[in-house]
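Structures incoming, each one as structure tokens.
Look for chain A in each of the two complexes below; its partner is chain B in the first and chain C in the second.
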Partner chain A sequence: MASVTFENVTKKFGDVVAAKDQDLEIKDKEFLVLVGPSGCGKSTDLRMIAGLEEITEGKIKIGDRVVNDVPPKDRDIAMVFQNYALYPHMNVYDNMAFGLKLRKFPKEDIDRRVNDAAEILSIEPLLDRKPKQLSGGQRQRVALGRAIVREPKVFLMDEPLSNLDAKLRVQMRTELSKLHDRLKTTVIYVTHDQTEAMTMGDRIVVLKDGFIQQVDSPLELYNKPNNMFVAGFIGSPAMNFLDATIHKDGNEYFAEGAGAFNIKIPDMFKEKVKEYDNKKVVFGIRPEDLTDARISHDLDITKENSFEAEVEVVEPMGSEIYLYLSVDEHSMIARVDAESDAKVGDKIKLGVYTQKMHIFDNETEEAIF
Partner chain B sequence: MKFKFSEIPKYLINLFLIFWIGFSLFMFFWLILSSFKTTREIYMGVWTMPSNISLDNYIRVLTDFGLLRFMVNSLFVVTISTVLVLVLSAPIAYVLSRLKFFGSSFISLGFIIGIGIPIQTIFIPLYLMMSGMSLTDSYLGLIWLYTVTSLPFTIYLLMGFFKTIPSTLEDAARIDGATATQSFLKIMLPMARSGLISAGIFVFVMLWKEFLLALVFISTENYKTISLGLYSLITKLTYTGDWGGLFAGVVLVILPSIIFYSILARKFIAGLTVGIGKG
Partner chain C sequence: MPLTLKDIAEMVGVVESTVSRAINDKEGVSEAKKKEILKIVEEYNFKPNKLAQGLAKQETHILAVLLPGLSQGNYSKIIENIEAMAEKAGYQIILCNTHNDLTKEKTYLDLLEEKRVDGAVILGGEIADHQILNTKLRGNNNIVLVNRLCEEILIPTILIDSSYGSYLATKHLLDLGYKNIALITGNNNDYIESEKIKGYNQALIEQNKKINHNLIIETDGSRSAGYQAFIDLVNIKTPPDSFFVTDDLLSVGLVEAVKMGGYFIPQDYPVVSYGGTIINSIIEPDLTRVIEPLSQAGKMAADILIKLINDKQAEEKIKVLKPTLKKSDSTKI
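Our next item is the complex of A and B:
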């Protein structure tokens, strides 16, 4: 069992910077998810931990040992690849046993470990098959099995579910979480899918262009994004952003935007916007923190916590309705209660749960709150 | 007016192809048929069946005319050369398809250029080199020549193969604890099997019917390969008018190619197209 530590890690491929000055502490037995859009450097981070890529600058430690110059086989890690990377000419048993054979494990030991792993993953009947005789889900399990038999300190998984169909993916998410509970090892999991990240991670690292944007628990990330990128990336449908200006009126501060948009900043955030008086900011609100004013039960609608918008598309989802809105050319999405009878073309009033709103610096895109 | 292929009606092209295939097949079967006939029967008529299927012609060319010796020579030289070509070209192709090092693309280019150089154009320097090494008129010399002249194409073919194998397999093997050599021997080589088989067949068949190099570098009767042997046989047998024997000799020379192609045609073509398509 081991922690993994990044100290000022930078990786360059020629001119491309795939990881920039990253500091990260992954705890022992943690399920850590690296998430970000394609090309942000997730795989590169994982491959540096695995030893498949050289580290340009900085240090990576597994446990207390600096592994920069340790070859992959001596790092006590196992990796699951996106395309599974099963050896096509070997059957399932041999695929799983290959690493153990190379390490000269005794035959009985190999047998026991492979059978144990096969049992955990329910692939015992498949041991004699070749990879091409397996379904995608089964291949996935074999790839996991190959990692499990090694009993490594750290599991590295690079988008292991992205080649599965939607239903199987959801099912495997739960299974992987259970597997983690059972094996009690450190798992570093890469995905571009924020839902996967949110549902599986103990903590999540959001990456963009090789920079770590934020490292936090799923809820922290969701409720307190550091910047507009994290705010927009985590959560689906994504957070609404609207250009606004802060202005002071008496003792109160308001975020004033397109049309008649003028929302009062709640008292709890007042201190933070003081220096932004008359400055441009970006107002952010999640679709679920908007409500159809006509049916809002728990929010007293006033001029200061609501705005008008025109309904462009109505998407009933059963338990709730997604309203695609336009506020003076700006589009927004609201997730409102299924009671709402908003129709396309309606001009409706939307209530804002102002404690849930966010304000971002217009230039740095950093969160003010 | 300019001539364009596309203006020829399709049925004409098909007709021509059918005629051509028919003609080739006819020649081929007629050759086999005639190889069982006595010379008298051959003169009696094109379509007459041999009176009894006798292997006399075959036995005669193999023993009296020494074709057996030539066949064994060929088998020996060609088999060793083919094995050498595969053993050498697989690792070379693997390294060239995977690693970028100083001069690697120059080496790849060298091999590709090697494919395009007609052997006749370098006979004189080749001969000087070979006699310098005292390798003329010997098995070893012929094996050496056959191996090096077959390398460029085989390497090119196999490079295409290795390029189609995803590199994550090697990553997986590295994490599993394999050294580069183990990963090549246990993962890459088995995966490139169909490519190796295609290349092997191709090289074997090409070398089996190779004539020019053998003609230039072999003069001792005992070292002659089958194509050379057949050549001297033609001279002998046409003078004696032993057509049955001559046909039997020809069948023996083309037989291995026919067998290889017909049994493994599909695999062979599949192998070739994988290599070239993605190469």
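Our next item is the complex of A and C:
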């Protein structure tokens, strides 16, 4: 068990920067998820920890030891990928044990490790079976078992579930989280899937173009994104962004959008927008923080917390409805209660839970609140 | 001066790409023009410049074959077949002897990363190391492993089930009624040798025989080690009544020692060998031996690699080939 620390880590491939001046402290026994779109550098980060990629600048520590020059085999890590190899002529036991055998571990030690891993993964009855006799989920567990028997200080997982069908992926997500609880080991997990990140991580690192955008717990990321990228990346459907201008009216501040809306900034955020009077900003609101004013039970609709929008598509999801709307020239989505009877072409009033709204700097895209 | 595409284009009055399309039987050329072009190609015995073609497509038509050393007899057969298959498909091979040295291996893997070869077959050795892993992960480079395992990811692999071969050999001796079968192996660090021990154990267990670890000798795989193994084993408290030797070179040494001791094969000690390479053919008597499908392994490795290079491999697979037992004079009682 160990912490992993990045100190000013930079990785360049020629002129391409895959990691830029990254500082990160992954705590011992933490389940940390690296998430971001394709090409953001998340797999590069993982490979640098593994020692597969050399770092260009900075330091990586596993525990207290700087591992920049430590070969991968001596780093006490184990990697799990989506595309693992189970050898068809070997039974489950041998598929988990061959690495230890070839490293000359004593037989008793191998037995203990494989049996322990099999118990943790609940695959003890399968040890004599060949891979073709296993289900997809069981195979995935064997691949995990091969990593577990190495008893590493840190598990590195690179999109291990992305080859599975949707149902199995959801099941394995839960299993991996439980596994982490049982192993009590540091897990660093790479995914492009924000749902996976939100449901599994103790903390999440959001990456873009090699830069760390934010490191936080799932809820903090969701509720307090640092910038528009994080706000848009985390959450599904994604946060709505509308161009707006801050203006002051008496003691109040408003986010005004080309005559289409004029939302009052709640008192708790007033201080933060003082400097932005008459400046362009981006107004952000999550789909679930909008409501169909006609069926709103817990929001007193006023002209300062609502605006009109035209319904373009209605998508009933069972317990709720997704409304695809147009406001001025912008498109947006509202996730409203299933009671809503909004129809395509209707002009409806949308209520805004203003305490949940976000305002971003128009130029830097950083969150003002 | 040989004729070039440009020359043909000028002769026919079309652009070079039209000539190229006609030669490569691609669409977009009228039948009449195609006929005209192909007639000139035949008349002047035009051969497209492979180097120029390769440069244009960023292909070298060269495959690297990485191996830990040439001393093991079975590599030559595999390489021979990789070469034959490669040649048929218009590829040449270069041999890269790594001597199990990571620095050397890195130099050869760099050929792949730098696109100086189109793909690599990596033969034998221990577990696929971080360099192989990274070469595969980085640019999704075309690699096929032969008799080498990888713990982390699936790389197309050809494996010969040497455990099964060893099982066949041991079972054969058991079926003949021998009870104390000695196993002489090469280096157990090698995946293949460890698999052979597994097969030996499995055959014994299946027939409810106890595994006597005193009868299992691990050696460096040399001829002298085979010789020494016999001397060591005949002097133990319960000496063996038969021998299974997992490598040809070891067999040569062991047979020498048996004969030197004044014993007869198979009357005093039946011997089963593993490999069936040329070394085996000069031993008297002819040895019963496990024969590995080496030609098939080589052909298959090259075939998969070339398909990968040409994006024709639908999915990455592991193929396991089974050895056979050729019974001969050394176990004929």
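By our rule, the second predicted complex is superposed on the first by the 340 of 369 C-alpha atoms of A that agree within 3 Å, B and C clash if a C-alpha of one lies under 4 Å from a C-alpha of the other, contacts with A are read in each partner's own complex, and residues count from 1 in each chain.
Convention: a residue touches a chain if its C-beta (ideal position, glycine included) is under 8 Å from a C-beta of that chain, and two chains touch if they have at least 3 such contacts.
Computed from a prediction, not measured in an experiment: that's the story for all the values here.
Engineer: Using the superposition on chain A described above, determine whether A:265 touches chain B (first), chain C (second), both, or neither.
Structural biologist: After superposition on chain A, A:265 lies in contact with neither partner.
Engineer: May I ask you to decide whether A:350 touches chain B, chain C, both, or neither, giving the answer as first, second, both or neither?
Structural biologist: In the superposition, A:350 touches no partner, neither chain B nor chain C.
Engineer: Based on the superposed arrangement, let me know which partner A:342 touches: chain B (first), chain C (second), both, or neither?
Structural biologist: A:342 sits against neither chain B nor chain C.
Engineer: Please indicate which partner A:89 is in contact with in the superposed arrangement: first for chain B, second for chain C, both, or neither.
Structural biologist: It touches chain B and chain C both.
Engineer: Would you check which partner chain A:77 touches, where first means chain B only, second means chain C only, and both and neither mean what they say?
Structural biologist: The first partner, chain B, only.
Engineer: Taking the superposition on A as described, I'd like to know which of chain B and chain C A:120 touches: first, second, both or neither.
Structural biologist: Neither partner.
Engineer: Identify the partner contact of A:205: answer first if only chain B is touched, second if only chain C is, both if each is, neither if none is.
Structural biologist: In the superposed model, A:205 contacts neither chain B nor chain C.
Engineer: Enumerate the residues of chain A that count as touching chain B in its complex and touching chain C in the other.
Structural biologist: 47, 50-52, 71-73, 79, 81, 83, 85, 87-89, 98-99, 102, 146
Engineer: Where on chain C is chain A touching in the complex?
Structural biologist: 126-127, 129-130, 133-134, 137, 149-155, 157, 159, 161, 163-164, 188-189, 191, 194, 198, 316, 318, 320
Engineer: For the complex, give me every residue of chain A touching chain B.
Structural biologist: For this pair, the touching residues of chain A are 47, 50-52, 71-73, 77-79, 81-83, 85-89, 98-99, 102-103, 146, 150.
Engineer: Which of the residues in chain A come into contact with chain C in the complex?
Structural biologist: These residues of chain A touch chain C: 43, 47, 50-53, 71-73, 79-81, 83-85, 87-89, 94, 98-99, 101-102, 104, 146.
Engineer: Going by the contact rule set out above, which residues of chain B touch chain A in the complex?
Structural biologist: 166, 168-169, 171-178, 182, 186-187, 190-191, 193
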